[in-house]
Amino acid sequence: MTAPLLANDPTATPPAPVDRITVVVRRSFGDRVFHLSARAAGTLTLALMVLVFYFLLNASKTFFKVESFSKFMTDQAWVPDEANAGVGSLLFNTILVSFLGVIMAFPFALAAALYVSEYAPRRLRRSLTLLLDLLAAVPSIVFGIWGFFFLMPRQRHLSIWLSHELSFVPIFKVTDGQYADSPFIVGTVLALMIIPIAASVMREVFSQAPPVEREGALALGGTRWGMIRSVVLPFGRGGIIGGMMLALGRALGETIAVTMLVSVVFTRSTHILHQGSNTISALIALDWGEASPIARSALMAAGLVLFVITLLVNVVASMITSRTRSGSLTEI
Amino acid sequence: MTAIDTTRPGSDAANKDGPSRLTAHGVHAWFGNHHVLADVNLDMTPLEVTALIGPSGCGKSTFLRLLNRMHELVPSATLAGHIELDEVDIYRGDLSATEVRRRIGMVFQKPNPFPAMSIAQNVLAGAKLGGIKLADRDATVERALTRAGLWNEVKNRLSMNGGALSGGQQQRLCIARALAIQPEVLLMDEPCSALDPTSTRRVEETIGEICSEVTVVIVTHNMQQAFRVSQQCAFFLATEGEPGHIVESGPTEKMFSEPDDQRTLDYVNGRFG
Amino acid sequence: MTDSRTDLAVADAPPPAPPADQGSGKPEPERIRVRSWSWSEAAELGGVALAALSLVWLVYEQLTGLSGGLGFFLCWFATFLIMYWIVQRQRHDKMAARDRLVTVMIGGLAAVIFAALAVIIGYVIFRGYSTLRLHFFTVDQRHVGPLSPATAGGGLAAIVGSLEQVGLALLISVPLGVGTAVFLSEVKGKLGRPVRIFVEAMNGIPSILAAIFIYQIWLIEAHNQVSGFAVAMALSISMMPTVARTCEVVLRLVPGGLREGSLALGGLEWRMVRNVVLPTARTGIITAIVLGITRVVGAAAPALIDGGESNTVNWNPFHGPQDDLPYFVYRLVREPIKAENLRAWTGAMVLVGIVLVLFIVARMFSGTWHPLGWGRGLIDRSRRSRSPLIETDATSNGGSS
């Protein structure tokens, strides 16, 4: 320190500013290399993400030269070679099947997570946790092949039943008897695929609910369900939201399982039991091989839309979870 | 359960004359094969404060948790003996664990208000958990907070989050929460061990005030505290490799001045433990 | 509660003799173990389930005009819940009855979903196993014609492709992922926050987008042909964030004291990371890598876009089209030939087997494992006692009343 310190001198107003020392770290060569390479890895990760966005955008430009961006966002048809293509129906159908999957998955995922963390006998708990984690790691193609060969012929009966008995509900209406490849079936397979993923996140968070709060609720004469409602669920809110958002992200981007099951349509229909379903990723997978360069550019543009949506879902999920109490513990 | 007035929002069994009597005969406790408590006999005098004292690991807290069936939450836990509330065995009788816990409240070592709830909601949590419809919620909140000595500090911010209070206030909120469902007995497990001296003093005052309406059983490591707040006292001890048991129990005055057992005298005078 | 419960681990089986001054020689008193359920309640549950079954059986087809097995099941479950509620309500107060109803509902939903998932996995294994022959692992499809039986040929081309592609993807994403994790947990700096957000976001990129991105930069802009390496690059885009996130969580669990201890001894930072932090987190890092593999081993989209189609073994991942297992399955599912479909089942079963093996490997390296990048307990586990007593009383005993 260079400046003389006049401690408690009443005449010195305002008091002389205290010199701050800036510690200049002189790193050794090894440390500099270490810092540099770690920073390079981090930067490369960052750059990779930007690159993906940049190249998707760049590749879509070819198509945006023949069709305007605003038309692309609303156009329901998909005839890119005639400059008549857009995500109007694609996006609708992607979101439709994803939300169907998430809605169907939610009660089961929550119940499975609660069962494993709160209800299962202690001896079973560890095995079930493992099983849940294992199921979450099963490749989606396994669900796809099962859905294609096993579920599709059987779920037909359920679809017919639903459409007959609940035909007064508009979304269940099917008039022409076409039940295969419906959004309902795609949604079911997606639901089965994402249930273990969401349940796994939720279970982890539930199991971290503070024991002292659990005991507090029980000591007040609460039943187990009372304890869950007043302690576990409020604590695990971040995990529930985070788990479902993660599941939604997976459902939105799921390619192969969906590609096996869809039969492409370009209409916007909310008749979920009726044949015809589509998603952006499935369309890319189906059309890519035979597509002309301009069509590939259009597919890239659709991919760009999917990219932005999944990015938003993931970022929003991490923002929501980090703001809840269990969020700091939640790693989605 | 139908709506009942705020003065007695406890369970039906609470509507009776006179204070309830909690007694323990020949109580043992195990965790797995580990025998932690042996042959405890204790009569908790109604409307008095009974302090359970003794060195760490002697089974006081286990005994306390036996009294409102929190012991059984530990998976391997077993017990033996009879604990009776008004001559009804709380383990063998018709009472369910939730009913027992509703009638015998508990305050923990670490303040544990529900952080997702406001102060008022915390106080009403017991009624909500028990499915009790309150005729006048505001009156219940005020009465419970007043009895816990917290009303004046929080009356203007009842909708504030319970977790935002100071440690001592949180602990008194927990006491208010326990009192709001009108328990007959209140168990306190080292309620001041996580608090500063001022907060400790406030909680002790609170204990002094509530014991006119509720029987209090308190576990404490602090001899002065036991002496200040309790009328009855039980000294627990566990020697190496043996389960904890009561060495001596009786009026606090006697226990601290002329106990029958030399070990009690040594302990209360801080010569071991 | 703590004092009496923390000493559990110390003594294992002390003599059950009561203390001397309580009069020794007394017989051990009758022990009560409080159960959360009783036989009478179980019987009640079974009885109600049966009653609901009989009722629905009688009424279902006749009165409602409904049909179908699933509809029957749904009606039965709904009837069962209503009847169970009524029965419980007569014996218990509202809260206790509600607690029991919710228990049955949650147990029922969980049972349904675990059964459904077990059926899926079991069905895949069953179908796949019936046509699995040992030569599935040793020959490719070059001699397989449209009329060959399902057991003819094998998946060697796909297996070789999967191994090489995942291996190459590991070579790319492990240094990058671990480096990013080290950057996030050890170096930090201004870039830390954006990098973390991007890693989070990247974790959710669909594999098909990674595939078309690689197609654009590697095949179009750089004028390369489809190859296993292109697939590997696309896979590593999915793998890298998984590795980075899991690793970061694990590195953060390394006690700060260890780091400071090393620096206080005058150690250099990079030596500290290399000699203290990374070895401490070793098992966690291995788990992170295994997680990364399971994340991509089933992704078919990269091979579909960047890998080309090949029924014969291509050992060179840098030249020529190369198959992989998920793409193999995907392709054969879409063939209209029954035998090809059966081969797809075998491929799917082998994929399930690979994930299972990886899972067991991960379990062997760390006590606990989470497929979504959870690192909690990855390195801590070894320090905990193996005693079942301390295990049970350590945390969250509230749920078992």
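Which chain is which? They are A, B and C, in the order written, and residues in each are numbered from 1.
Keep in mind that, in the parts below, contacts are C-beta pairs under 8 Å (C-beta built on N, C-alpha and C of every residue); 3 or more make two chains touch, one makes a residue touch a chain.
The structure presented is a predicted model; accordingly, all values stated were derived computationally and were not measured.
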B-C against A-B, pair bridged by the larger set of C-beta contacts: B-C
Far-end chain from chain B, centres as C-alpha averages: A
Centre-to-centre distance between chain C and chain A (centres being mean Cα positions), rounded to whole Å: 16
Whole-Å gap separating chain B and chain C, where each centre is the average of the chain's CA atoms: 44
Centroid spacing, where centroids are CA-atom means, of chain A and chain B in whole angstrom: 47
Residue list for chain C, restricted to those that touch at least two other chains: 95-96, 98, 392, 397-398, 400-401
For chain A, residues that touch 2 or more chains besides their own: 122, 215, 217-218, 222-223, 226-227, 231
Where chain B touches two or more other chains at once, by residue number: 70, 73, 75, 98, 108, 129-130
Touch list for chain A against partner chain C, complex: 27-28, 30-31, 33-35, 37-46, 48-49, 51-52, 55-56, 58-59, 107-109, 111-112, 114-119, 122, 128, 130-131, 133-146, 148-150, 157-158, 161, 165, 192, 195-197, 199-201, 204, 207-209, 211, 214-215, 217-218, 222-227, 231, 246, 249-250, 252-256, 259-260, 281, 284-285, 288-289, 299-300, 303, 306-307, 310-311, 313-315, 318, 329, 331-332
Of all residues in chain B, those that touch chain A in their complex: 68, 70, 73, 75, 98-103, 105-106, 108, 110, 112-117, 125-126, 128-130, 174, 177-178, 181
Chain B residues touching chain C - in the complex, by the definition given at the top: 1, 26, 28, 30-39, 56-62, 64-65, 69-70, 72-81, 91-92, 96-98, 108-109, 129-131, 189, 239, 241-245, 247
Of all residues in chain A, those that touch chain B in their complex: 122, 210, 212-213, 215-223, 226-227, 230-231, 234-235, 325
Chain B partner contacts - residues on chain C that touch it in the complex: 1-8, 11-19, 21-22, 26, 28-34, 92-96, 98, 388-389, 392-393, 397-398, 400-401
